[in-house]
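Starting off with a structure, shown below.
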Amino acid sequence: MYLGILVLLAAVLVSVGALYVLSRLTAVARNPLVSRPFLSGWVPEEHALSRYHARYYPVTLLFLAFDVEMLFMYPWAAVVSRLGPGAVIEMFVFLGVLMAGVFWAWREGAFKWA
Amino acid sequence: MLTTVLFIVLALVAVAAGIAVFRTDSMARATYALAASFVAVGAMLLQFNLDYIGVVTILMMVMEMAIMAIFMIMFMGMNPALMPMSMVHNKRGSLLIAGGVFLVLAAGALLVPWPARRGAPAPDLTVSLGEAIMGNKMLVMLTVSPLLFATLVSALVLANPRGRYRPYPKLPAPKQSESGPEHHGHTGGGH
Amino acid sequence: MGLSSLLARVATSRCHVLLVEVPGAASVRMEVQRELVRLGWVEADSPSEADILCVCGAPSGELLGAVDRVWEQLPGPRARTTVVTAEQVARELHGCAERLREPAAQTADAAGRDQRPAEPDDQMDDSDDMNHGGMDHGDMDHGDGNHGGMDHGDMDHGDGDDGMDHGGMDMDMPMPGGIGLAGQEEDRDGLDLDVLHLPLGPVLPSWPAGLVLRCTIQGDVIFSATAELLEGTPAPDPLAADARAFIVHRTDLAGRVLRLAGSDAAAERMYRIRNAALAGEPLGDCRGPLMAELAALKRSVLLRRSLRGVGTIGADSFHAEAGTDAWARLTGWVEGAVRAANGETDAAGVPASWPVQAALLEQLVAGEELSRVRLLVASLDLAPVGTPEVLSR
Amino acid sequence: MSAGVEQVSPVWAVVAAIAVLAAAFAGAAVDGALQARPGARRAGMLAPVAEGARLLRQRRRTLVAADTLLWRVGVAGLPVVAVLMAAVLPFGRWVISDLPVGLVWFNAMDVMLWALVWMAGWGPNAAYPLVGGYRFLALALAYELPLMFALTAPAVAAGSLRMADIVAGQDGLWYVVWMPVAFLVFCASVLAFSLHRPFDAPLARDLAGGVLAEASGVDRLLLLAGRHALLAVGSGFAVALFLGGGSGPLLPAWVWFLAKTLLLQSVLLVVRRHLPSVRPQALMAAAWAVALPATLLQVAGVAVVVVARG
């Protein structure tokens, strides 16, 4: 079953590699140009790789908390038709609790950062 | 035969990527080396026919690592890519613990008389997982729910302490002159 | 070499052109844009994308230096041209495509380029406190084919117990490329995070000609900026005199905002109206399309949401004549153009002097996120100058 | 249950890879035609040919102190992920790998993009791509949860995570009819994970191309091709999950599947041209406070119907 995926992976990796080889033949120069970053025509004062302030980091925490729920959601989706109303109620109480948290976070302004 | 080779390859990839986490000088590379290690483990789980667990391991771990990269890069007390760094704290202690745990687990794997398989696995393991969660393992779900809610709220309270009544200023307040000009520096601090 | 010349011919059927506008050469730039549409070519967003560097107007001084540095960043095949009058445009672009098609010349150009960028020159302000004391230039190998990435394997710091303590390390570490590491500054939530210097302009797509905004950013938020105009201050020119120049100018501004907001289809239609006016079509013919555009704008909920509240200024400011935020200014421009097409003339306001405008700009961008900054700069008519060349056409 | 869709020999995987490429090419051609000025639409169809030739001829670039490894992985990863995603996509009656958890596989592959796009932004060591990469993560935080729940709606209705079962479950009534919210959220997410407008902030013009800002030559080609391939495969999944897969009268299933996919792909390309970019921050509250609850209600509705039907 996974053999197909492996062959697919091999096929696409070979294609990507072939494209790189082809571009070596067709490009005006084989070696890449070493350039400075584009800064509107100025020289960089420092390297861009730095401690980047992603101001939306509170949302990542919300996301992580909510996202664990998906672990249960997929198996639940496969069995809910067999298990009946109990499973539906249970899952949506669960989700409702989380959504309450999300709405609270929204009111707290967690989805705005700049 | 092919499966054995594949298993060995994946195991080696997992271990090698795990080692790379500690060998690299870039937070980004360290994070994604860890992600690669987890992907290899997920692929090994797929080899055990644990389709759901395997795929979901890959899914979750790549996602968590992408988020972890944000924090790793933000909170390390130095440049995350261009300075030599060490990911190891308390080298001796951690070596001791890691070695000990490895020995215990390896001994367990080799010494425990594993029982022979009784019965056959269910035709669809995902379905049986769902039935377990909704059925006899319902307690897990019931505890996880308030736990996640508490996580959500407490994480936000910690990360966003101002709350709704005091929105963040767009910029930090102008600095007092006492701190002087910022020197370029690595003030230390853990990651 | 039949194959490679075929490849070259196909490749140059859709060249990507990076435009640089020298202050005062707006009409040349518009003419180039019109020619690009006619040829089915593309305006490039960055030098890495471009085949052709097209400088509209003759740059000098710092602007020329910036153009030269950007020219070094074009990967090649590449061609460069300076267009000073609108009549030259078609011929110059054609010439560039011709040069792109010459495999031997392009290969020679590529082979003749430096393997690494020249070391930072006097552009770098040496008094800057971000600068590393002992920058050891040039002993890092940036050789070609750097595939495996940099190998730091030999930098083994045995004292792993306190791996974070690199006191003094920054003084004797050779910085790659002679460029320093980012210094840090405190942000509003009490985090000490790195600050980058990001100059915006003069070579930047959809950016006012000659404007340089030297920003310090943390993440994608601009903390402070200083505004500067290269090539001097453009002399304000009463523009209500000529309805055609007025319409061209206003639709050009509106098209720029629309393009930065990502409304490609609307921007193209707006530029089409501008190009028609530029080409001398009867102004009455512009009226219908302009009204249609205005109606379409007002229907676009997403666009309004993305522009409302961007670059909000007081009603007493010069720019507030068009509107107090980006959305109001955008619609205000189009409304003004409609009126001009109707034959009504707006009373021209007195533009503020450059220092006043610069101060406003610096104050507006502080604390804003990059995308909003781009929109708000585009939404200000920094040089309300009717381009004299247009008047004479 | 999975009547109608059968797993084909792994050898066909090569054909599948080519098919994804062809679909991406078709999307680029449609896009080129849409971009061309009126009267030059036919020439616009050839835009991907010209662009391919141009980028193959163009020299590659690297930057001073770039993280070349992560950069290249991110760049090449986009088309790879698009093709791997297609592994579980039923192409009419055939599927390369009929995983029992095909839906989760799709989800896992789309999550790979979090890492890859960010790496493609981080790698060059330049400000614009860096900001672009982080913007993508912000967008992902907004679209991923609604996407995941939109995915579960068809799974609940079919009672399975297998793509074949989901396609078979739409025998008679396409899911789009009674899951419109999930369908719309899914289509929006396809635009988002394939970096198309209105969710193209990571590649936007205001960042001089963002993640694309420093890539040239074959690297740029791979990024752009990956983007179109993702849109094509995403449209394919929308067809399989909501639009009945290959079902349709008279014509063979694969023709129907292809026709629906190309149509949806073109519609998405048209839509994207007429919408402005959305800033991640503007999207965040809308995604969490509107799209997420709406999708949850959709799933709840589907679950109630399924349970009521027994």
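Order of writing sets the labels: A, B, C and D. Residues in every chain begin at 1.
We adopt the following convention: a residue touches a chain if its C-beta (ideal position, glycine included) is under 8 Å from a C-beta of that chain, and two chains touch if they have at least 3 such contacts.
Note that the coordinates shown come from a computational prediction; the quantities given were computed from them, not determined experimentally.
Taking the mean of each chain's C-alpha atoms as its centre, the chain lying closest to the overall protein C-alpha centroid is A.
Inter-chain contacts peak for the pair A-D.
A straight line joining the Cα centres of subunit A and subunit B is 15 Å long. Averaged C-alpha coordinates give centres for subunit A and subunit D that are 13 Å from one another. Work out the mean CA point of subunit C and of subunit D, and you get 30 Å between them. Computed centre separation for the pair subunit B/subunit D is 27 angstrom, with centres defined by C-alpha atoms. Shared interface positions of subunit D, i.e. residues touching 2 or more other chains, are given as 56-62, 64-65, 67, 69-70, 99, 101, 104, 122, 125, 127-128, 134, 137, 144, 161, 208, 213-214, 216-217, 281.
Residue numbers of subunit C whose C-beta contacts span two or more other chains: 7, 46, 48, 73, 75-77, 110, 116-117, 130, 142, 146, 149, 175-177, 179-184, 187, 191, 193-194, 196, 198, 204, 219, 221, 367-369, 372.
Those residues of subunit B in touch with two or more other chains are numbered 28-29, 52, 56, 63, 67, 70, 74-75, 79, 81-82, 124, 126, 168, 170.
Because contacts link each chain to all the remaining chains, their graph is best described as complete. Subunit C contributes residues 4, 7, 46-48, 65-67, 69-70, 72-73, 75-77, 103, 106-107, 109-111, 113, 115-117, 120-121, 123-125, 128, 130, 142, 144-146, 175-177, 179-184, 187, 191, 193-194, 196-204, 207, 212, 218-219, 221, 367-369, 372 to its touches with subunit A in the complex. For subunit D in complex with subunit A, the touching residues are 7-8, 10-14, 16-17, 21, 55-65, 67, 76, 79-80, 83-84, 86-87, 96-99, 101, 103-104, 122, 124-128, 130, 134, 137-138, 141, 144-145, 148-149, 152, 155-156, 159-161, 208, 213-214, 216-218, 221-222, 280-281, 284-285, 288-289, 292-293, 296, 300, 303-304, 306-307, 309-310. Of all the residues in subunit D, the ones that touch subunit C in their complex are 35-37, 40, 43-44, 46-47, 49-51, 53-54, 56-62, 64-70, 72, 127-128, 131, 134-135, 197-198, 200-201, 204-209, 212-217, 220, 273-279, 281-282.
By the touch rule above, subunit C contacts subunit B in their complex via residues 129-132, 149, 152-153, 155, 157, 160-161, 163-167, 169-170, 173, 175-176, 180-189, 191-194, 221, 223, 366-368. Only residues 23-25, 29, 74-75, 77-79, 82-91, 168-173, 175, 181-191 of subunit B touch subunit C when the two sit together in their complex.
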